[in-house]
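Two complexes, one shared chain (subunit A), two partners (subunit B, subunit C).
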Partner chain A sequence: MNIAQLLNGLALGSLLMILSSGLAMIYGLRGVMNFAHGALYMSGAYLAYTVTNHVSFWAALIVCPLALAVIGAVLELVFFRHLQTRSHIEVGLITFGLALIIERIIGIIWGPHTLPVPAPDVLNGTSNVFGTAYPTYRLFILAIAVVMAAALVFWLRVSDTGLHIRAASQDGETSAILGINVDRVSLTVVCLGAALAGLAGTLAAPYFSVQPGMGMAILINVLIVVVVGGVGSLGGAMAAGMALGIVQTVGAVWLPNLAALLPYIALVAVLAWRPTGFAGKRV
Partner chain B sequence: MTSVLEFRGVNASYDGAVVLQDVTFAIDDGETVGLVGRNGAGKSTALLSVYAVPTVTGDIAIDGKIISGRRYEPAALGVCLVPQGKRILPNLTVTENLHLGRAAKRSGIWNIDTVFDLFPNLARGAKRSGIALSGGEQQMLAIGRALMANPRLLMLDEPTEGLAPVIIDQLVEALRKVQSGGTSLLLVEQRIGMIQQLATRYLALRKGLLVSEGGISDLDKRDVQEMIAL
Partner chain C sequence: MTVEAPLLLSDDPLAPTPSRRLKLGISPRGVAIGAVVAVVAAVAGLAVPSIVNDLYWMGILVNGLLLAFMSLSVGFMAKHLGLISLGQTAFFGGSAYLVCIATSSWEWSPYQAVAFAILGTTAMALAMGVLVVRATGIGFMMLTLAMGQAIYQVVIQEWARDTTGSFDGVAANIGDQTFLGMGVSDLLDPTVFWNLGWIVLVAVTYLLWVAGRSRFGVILEGTRENTERMRFSGYNTFLPRLAAFVFSGFVAAVGGALYGLNSGYVSPELLNFLKAGDGIIAAIVGGLGVLLGPFVGAFLYVYAQAEFNNSGNLYLYTGIASVLVLVFLPGGIVGTISTLSRRLWSSRTGRKPQA
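And now, the complex of A and B:
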């Protein structure tokens, strides 16, 4: 394995980390496995295409997460909040339906073709990493993801809202009895999770191509990451996201015929070894 | 004088199974009331009704104002619960568990320092996980967490369950200090002795009905004891 392959793994892992931390947080609070998460990521990427064309990529980096936060608010207020008492399978199916609807809408607006999103000029070249010339934009993805993850963890540890999120993820009823407005906490978390998906989509746009299958393709990987990391565990999701990025990228070089199966093999292996995942506290 | 907490014809049910029927009582400012009854009588359900955990019909009022049924509202109005089984958040430290009590956003004499003064054991384990504590310390943590909200009425659901006598004596002492700060107590207990030490009045539930109430000295009477079959 050379440095470029490892860095490719870290770049993909970064995107999985951002996506899966949002999914894990939403699951922790609402008990909803949000199958629309891939569609949110995809929305972020398509929006990034349009905003980059009309304004700039830097604007997209701000606008897309904000726009996705608004979509997150709609998801929470219209769906999750009212479906709290329904079974997981029902809510899961509804989010799956939402994913299909969002992808259809994207198809109507942007069409079926693959769309190019250029990285900003300053990030377009290569940088020297331990003697290897490596695309600067991918290092940028990695840097954003690391800063984001650190900021998220720090915020959850030190702020009152972070404390309330951690409490409500563990035991919503007791948290509410203690005076925490769990609905408001959930709204914050779903907006944040959707914004993170939008950020991941924006970051992915210049790296991968923007195309109709991107949401479902990444959703499978993110679901695997969340299960492997321990469902509902943020730290586990972050670690597993990075790990899966590396396994997949490096596997594609060494075992090209098996590469597509590697995430599933990793899933089965981890679940056989630790049924609740790396950091699993809830099943 | 308006009561700090009042139930008027409260019915409570879980999934259609009726648990409380037509329960009416009031707790005044500064008084301590014991709530007794055998297992399954509906004591916990009565306390949880304040937070709309069961499905509730009838009126529950705090300070004479009927509450909305939003679960987080009573704590903000100063009616706080130390739940049965303590319900410590296992993923949070002792200090973090205590800080949860501030979610109610009420100020007063209770803060992290005064709670640590009341329960020095908690100060010593401040950075430990809440569930790494002994049963007695977890109960102190649950009480401290509720006190952080500076309650006007503190409701405790079987706080001595599973605790050693020496710890129970410490809890009684702590609760006396809470009383002397002017906080009302609604105490659910199997140990009648503890209620007799702290309360001036009792309420008795049997099969979801309020079957007896009176001054604490009546709790000894044979007919009361038989009615609640302690």
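And now, the complex of A and C:
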């Protein structure tokens, strides 16, 4: 196996890691599997296309997560908050309906074509990694993902809000009794999760090009990552995301016939062995 | 459904425990009445082609009929197990694929092909069921999603092209053979095919109704409400769940075999995630709590698709409809109607509605 393939796996794993950490946090707090996460990622990528064309990629890197955070706020205030007494599966199916709506609206605005997004000039070349020339932009994705993951974990461990989020994820009712405003915590988490999806979309735009099927395609992988990692566990989701990215990319080289099946095999194997996933404690 | 309390308390502490089996579920009389209703519905449905008398709308009705098999199979599990399967396409599409592959590549007769497709797919449901029915809630959704997607991925692989035709799909080849007296042109003609499809659909719905109201159905609902307590009460909770999963797979497989005969062609779209979404949304829009909900939902869904498809925003409207129904009519359309009519009935007679 050469280094370039491993790095490709790490780059894909980085995107899955960013996406699945947002999904896992929302799931942990609201108990809802957000089927619209792929559509949020896709919105981020399409917004990045427009912002990059009109301003610059660096602006997109800031604007898109913020715009997606606003969509996340709508999602929380209009749906999750009002429907928290409903069964979580029902709310999950509502997000599936929302995904269909968002993806079609994107189709109406940007059209059905594949759109290229250029990476900024600084990141366009290749870098030398242990003697292998490798596209700088993919290293950039990896760097952002590592920084993001570290910052997120640090923030959850150290800040008061992080403490509240961890408490509310573990037991919403008890933390509400202890004076934590669970609705406000949830707003923060859903906005953050959506913003992370926007960030992943923006980062993915120059890597893969932007196209209408991208949301559904990545959604299934991200769902698998979150379940394999252990539902509601952030660390598990991050590790599983990175692992799946590597397994899929390396598998495509070693077992080209089976590569597409690897995520499903991994899921069935992990759930047969540990029904709550790697790091999960709850079902 | 009647649940009689067991005779556990006896005056004499030394008296032998009563061995009478707890009586659960529908009486034979109820089964017979249901059968009469089903036969009437089946016969009445045969008049549909002459009433509609329009090839385009008959085509849409047949699409609704075929989708009803999938939404019924989703609805049965949702109602009795409280589980949503995202992978029923594996059975519906799998069975349709087997019909087309068996009649074309292996040159089997349509009878052999249909029997093989239904049995083979049901066996597949059994194998998958063993893996997935222990899971609950989101785990079950993900496992069924994974297995549906795994089948899709296998079918579109280049190395499977000789069998599945990859993205090109497979055409059935019945030649000049007939299925129940219908040749290829009859099977493709929705006005003729309707009769076969409708009778099978009513029969399957009747079977689901009996299963749901039988002792088996009552045990399933007990397991759904509290698995631990059922296990504690001495019931095996794994086998009934597995049986329900396999039965639901069987229903989807029957629908898929009919689809293969009717369309004479299958493509991977039949197996993908959006197709699973069709079945689920149809079931939800109709109502998951009522047996007839998914049945009605499938026809409504296909009708709405036909009305909205012209503008190309099919999935936009599908999404809006499913969100609106889920937010405002959590029981689905049929569920809401039955709740309303029960309320109306009770306000007229002054009696409290029965839950």
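As a convention for this text, the second predicted complex is superposed on the first by the 283 of 283 C-alpha atoms of A that agree within 3 Å, B and C clash if a C-alpha of one lies under 4 Å from a C-alpha of the other, contacts with A are read in each partner's own complex, and residues count from 1 in each chain.
Note that contacts are C-beta pairs under 8 Å (C-beta built on N, C-alpha and C of every residue); 3 or more make two chains touch, one makes a residue touch a chain.
Everything numeric in this text was worked out from a predicted model, so none of it was measured.
*Asks:* In the overlay, answer first, second, both or neither for which of subunit B and subunit C A:I224 touches.
*Replies:* Once the two structures are laid over each other on A, A:I224 reaches subunit C alone.
*Asks:* Should A:V153 be classified as contacting the first partner (subunit B), the second (subunit C), both, or neither?
*Replies:* A:V153 contacts neither subunit B nor subunit C.
*Asks:* According to the stated criteria, A:V253 is in contact with first (subunit B), second (subunit C), both, or neither; which is it?
*Replies:* Neither: A:V253 stays clear of subunit B and subunit C.
*Asks:* For A:N181, select first, second, both or neither according to whether it touches subunit B, subunit C, the two together, or no partner.
*Replies:* Touch partner of A:N181: subunit B, not subunit C.
*Asks:* Check whether A:E90 is in contact with subunit B, with subunit C, with both or with neither, and answer first, second, both or neither.
*Replies:* Once the two structures are laid over each other on A, A:E90 reaches subunit C alone.
*Asks:* Using the superposition described at the top, determine whether subunit B or subunit C touches more residues of subunit A.
*Replies:* In the superposed model, C touches more residues of subunit A.
*Asks:* Should A:L139 be classified as contacting the first partner (subunit B), the second (subunit C), both, or neither?
*Replies:* Neither partner.
*Asks:* So, A:A4: does it touch subunit B (first), subunit C (second), both, or neither?
*Replies:* neither
*Asks:* First (subunit B), second (subunit C), both or neither: which does A:L77 touch?
*Replies:* Neither subunit B nor subunit C is touched by A:L77.
*Asks:* In the overlay, answer first, second, both or neither for which of subunit B and subunit C A:D171 touches.
*Replies:* first
*Asks:* Starting from the residues of subunit A touching subunit B, keep only those that also touch subunit C in the other complex, and list them.
*Replies:* In the superposed arrangement, which is not itself an observed complex, subunit A uses no residue for both subunit B and subunit C.
*Asks:* Taking the complex as given, what residues does subunit B use to touch subunit A?
*Replies:* Result: residues 51, 53, 71-72, 75-76, 80-81, 83, 87, 89-92, 96, 99-105, 145-146, 149 of subunit B touch subunit A.
*Asks:* Can you list the residues on subunit A that touch subunit C in the complex?
*Replies:* 27, 33, 79, 83, 86, 88-90, 92-94, 96-101, 103-105, 108, 216, 220, 223-224, 227, 231, 257, 260-261, 263-265, 267-268, 271-272, 275, 283
*Asks:* Give the list of subunit A residues in touch with subunit B in this complex.
*Replies:* By the definition above, subunit A touches subunit B via 160, 163-164, 166-167, 170-171, 173-182, 281.
*Asks:* Hey, which residues of subunit C end up touching subunit A in the complex?
*Replies:* 84, 131, 134-139, 141-143, 145-147, 149-150, 153-154, 157, 159, 273-274, 277, 280-281, 284, 313, 315-316, 318-323, 326-327, 330
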